[in-house]
Amino acid sequence: MIEKVRPLTAVLPHIQNGHTLGLGGMTLYRRPAAFVRALIQQKHPPQNLTLLTFTAGFASDLLIGAGLVSTVRTCYFGLESFGLAPMFTQKASTDEITIIEESEASIANGLRASMAGIGFLPSRAWQGTDLFSVRPDVQTVIDPYSGERLTAFPAISCDVAVIHVLQADRLGNCRLGGNPTVDEALAMVADTTLITAEEIVERLDAPVDIPGQVVTAVTHLPNGAWPTSCYPRYPLDGEEILRYVEMCGNGRFDEYVKRET
Amino acid sequence: MIEKVRPLTAVLPHIQNGHTLGLGGMTLYRRPAAFVRALIQQKHPPQNLTLLTFTAGFASDLLIGAGLVSTVRTCYFGLESFGLAPMFTQKASTDEITIIEESEASIANGLRASMAGIGFLPSRAWQGTDLFSVRPDVQTVIDPYSGERLTAFPAISCDVAVIHVLQADRLGNCRLGGNPTVDEALAMVADTTLITAEEIVERLDAPVDIPGQVVTAVTHLPNGAWPTSCYPRYPLDGEEILRYVEMCGNGRFDEYVKRET
Amino acid sequence: MKKEPAYTIDELICTCISHQIEDGEVVAQGIATPLVAAGYLLAKLTHAPNLTFISAIGQSLCTNWAPLGVATIERLWIEQGIVTYDFVTAACDLLPHFGPKEFFRPGQVDPFGNFNNVFMGGTYQHPRLRLPGSGGIADVTPYEERVCLYVPRHGRHTFVESLDFRSGLGHIPTRQRGSGPRYLVSDLGQFDFGGENGRMRLTTLHPGVTLSRLQAKTGFPLLLPDPLPYTEPPTAQELHLLRDTIDPLGVRQLETLRGAARREKLRQILAAEAGKTG
Amino acid sequence: MKKEPAYTIDELICTCISHQIEDGEVVAQGIATPLVAAGYLLAKLTHAPNLTFISAIGQSLCTNWAPLGVATIERLWIEQGIVTYDFVTAACDLLPHFGPKEFFRPGQVDPFGNFNNVFMGGTYQHPRLRLPGSGGIADVTPYEERVCLYVPRHGRHTFVESLDFRSGLGHIPTRQRGSGPRYLVSDLGQFDFGGENGRMRLTTLHPGVTLSRLQAKTGFPLLLPDPLPYTEPPTAQELHLLRDTIDPLGVRQLETLRGAARREKLRQILAAEAGKTG
């Protein structure tokens, strides 16, 4: 048996300066928040990360606020009914971060192309919009049957993905618990896939959502998604997210992050 | 509630001369065998069908033997350890049927393109093989990022799909029971999707495999896959398949089909 | 003495959304759009019992439903889904396949229903206000036939002659497929895009709204009907369903409130939810 | 008095397949290939405990296993899978992603490991013998690195100088990615493709096979090693595992038997399975 359980201190160093870091979950659900806090609170946290995440929310905003991120790839960055993501919104108008504008289709097709090992996948998305003006790298391709011009979404790669899950076993098999987001694909395309899990069991039965074959290491982090949710174990902690929004609004991000140690 | 339960006699007429008929399941597993027998035994069965099926086996061989099929689209036509499919193998060397040579990737990508409503999907499959010589319709496309030549598998359409399932409810939601094959995609792309079910219940709980939204009608046909399997309800009936192979080998296909009435 | 209003603006918007839904349709809803969710559910409980929802949260097809929440909304969508897809499948295969009707909330919208959820003011590199992003809007608006819009706070910052960025495709001559928006509802009125080249037209003014107020809050000249009809207010049954059955916590109001008032409402909802589940 | 053979040819082929497997690999297997399944399981139970199987039947990733069957084989793969994919996902995403090691059984194979499972003799429109088709062979051989072949009945109809159709891509100069076959085992010997331009070479002759018999049954001149080694026979432990643990019913023999003998073996297996489950 290939034992994959590792302590948090052993997996944090996987994330190096300049890496593309993929975060699992979406907006306020099943985000690897505890891992992100630990990453920030290291003595020498990694710098110039490219943050890759389907939709960005609480955990992503922490990374931005703490200055680890130089580039953002996401299709939505916000806190749902709790409003704009405060640190992202502040820094997005500065030169501190570069945004690689994405959409659901560009990330979904990019991950799928990457899984299949091909350079692109075609789609009707983006045709006619201004997205091409801010993504001059994105090419088009002609459907050889109809002559229709389609968007050729490029494959997306990822150095390290961090995904919080409900349950994992010692082989790295994971159960997401509902709300799968794009985590199955993200786990597959990342060079290194790190799992933080509410619970680690000896061996999960079928069906799992992420097979251990694509997992590098599993770390036990109960409440590891808090204050985002980990269905069905706990819902999002809205009071805590409000507190975050209000502290950031008062310029107290550093204090908020410190308090969490 | 949109009630979708229909008797067999009401759904058989959906299949008309010249239609592309998709069959669910694979080789000897969860094939709509009872539906196929009923289709053949009609007074005026449909003619010149194009048979579309991921892998073809027992039920497909019945359709070929009975002369309903003029064109075959599949990536494998055989009876696994029971040997070649006798009627297909006989007629494949004649002018009676035309074969549209497929592979796993051409059908999978074709169905997926059709689901997405686009004309093609790119793949590394087929490059360098002779498949293009027998499928001159299949084009290639250049990856605009790497310059690599990829196969552009065309979208596959289907007039009527017939899929046998373990359980269905009155709204058309279906549970396949395991061994999903390509049936979820087939159900989605077909203009008309007919389900035959071992069991019909008032309402299935989540998760289902095929949502009722893509289902036209559901017909109660217990043992409807026999002699192919319907996991976990019954395994394939190998003795019956051997009997079929031996009768066909002795030129007694018509007698075999008649006996089944 | 001030007269108690028979309904609030969020309720009127929900009712207008509900009236745009036809029975048997597949409808999609995005992130943090409780006015839309409440409107869809109102349709389901009145004239559209065979409605199917595709929810962004949980990526499921749902025919069942449950009352709205904030902290509980994920649970609701996950548990009501009859089949759940991962979001790669949803974005690549299912949304293009079903081409659902969907209500989007634009950050900016132009007279032809093009819209923007990426940034407002300044430049893309240095925006005055960065918005959350296009989500799936830039994906589906190029091909969907049944796009609708809603604006909870009608104003000149939203209704603009010219967009800062077009992430949602409206009525433009070069469109290859699908259609620009069919319909828009704001807190001031209802609109279609039946003008020349798909230009926005007022179809009804909400009760109590004056034309001059509407035009003052719109950054371009509006095409007007003559005579000027008013929006039908919600019926007693619709109000009852919204208030007591679909959304007793008032989650829908989060889209019409701002700043401290919105946070206060959030706290109330969260407390009520905690009381229920704890 | 005839000497009882210590092992049968199916057992030798299974053992050779097993020896090609490395621990930790992902291996795939096609439809009706029990020799391959038995070989993989033998590897798993000896030197490769961390093997992962991708099964065509059930489309699952399996790390567990169960003894082989015919009527029961679907149940086995479905129930051993830790995660099951639909075949669209498997063919489009997973097989390209994992690029598993896989053993294919060619209808024809040429000296450079190109092979054919579509038709033999005549023309494509009017073949002498139509074969089942290419399955996934034409898909994965253009990019996979670890393709292997096996031929249960070595003969000139299979080992041909020139194919009637190339559905499996071998060692050809125009190949863009991946590799032609690395290895081939038949009932007569083991082969690699280490000759010039990837030409097939005999590496070991099976015990009891003469070189002249091998060459007579091969439709092209073979590159030969000097001196000529013989294949290691199965060990007692390997034979025990194959016969008593992996495949007590002898399903693997279905690939080496023909016609009436194969049907008779099938009946025996089906009867034994019915006895167990009934």
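First chain written, first letter: the chains are A, B, C and D, and each begins at residue 1.
The definition used in the following text is that a residue touches a chain if its C-beta (ideal position, glycine included) is under 8 Å from a C-beta of that chain, and two chains touch if they have at least 3 such contacts.
Every value quoted in this text rests on a predicted model; they were computed, and no experiment measured them.
Shared contact partners of subunit A and subunit C comprise B. Per-chain CA centroids place subunit B at a distance of 41 Å from subunit C. Between the Cα centres of subunit C and subunit D there is a gap of 58 Å.
Shared interface positions of subunit B, defined as residues touching 2 or more other chains, are 112, 116-118, 121, 123-124, 148.
In subunit C, the residues that reach two or more other chains under the touch definition are 84, 92, 96, 143.
The touch graph of these protein chains has some other shape, matching none of line, ring, star or complete. Contact between chains, per the stated criterion, is found for A-B, A-C, A-D, B-C, B-D. Contacts from subunit A toward subunit B in the complex involve residues 116-124, 139-146, 148, 150, 152, 154-155. On the side of subunit B, the complex with subunit D involves touching residues 26-27, 29, 54-55, 74-78, 80-85, 88-89, 92-95, 99, 101-109, 111-112, 121, 123-131, 133-134, 148-149, 178-185, 229, 231-232, 235-239, 242, 245-246.
Taken together, the subunit D residues at the contact with subunit B in this complex read 31-32, 34, 57-59, 70-72, 74-75, 78, 84-88, 90-92, 95-96, 118-119, 122, 124-143, 165-169, 172, 174-177, 251, 254, 262-263, 266-267, 269-270, 273, 277. Contact residues of subunit D toward subunit A in the complex are 24, 26, 49-50, 52, 60-61, 63, 79, 81-84, 92-94, 96-99, 143. Subunit A makes touch with subunit D in their complex at residues 1-2, 112, 115-118, 171, 173, 188, 204, 206-213.
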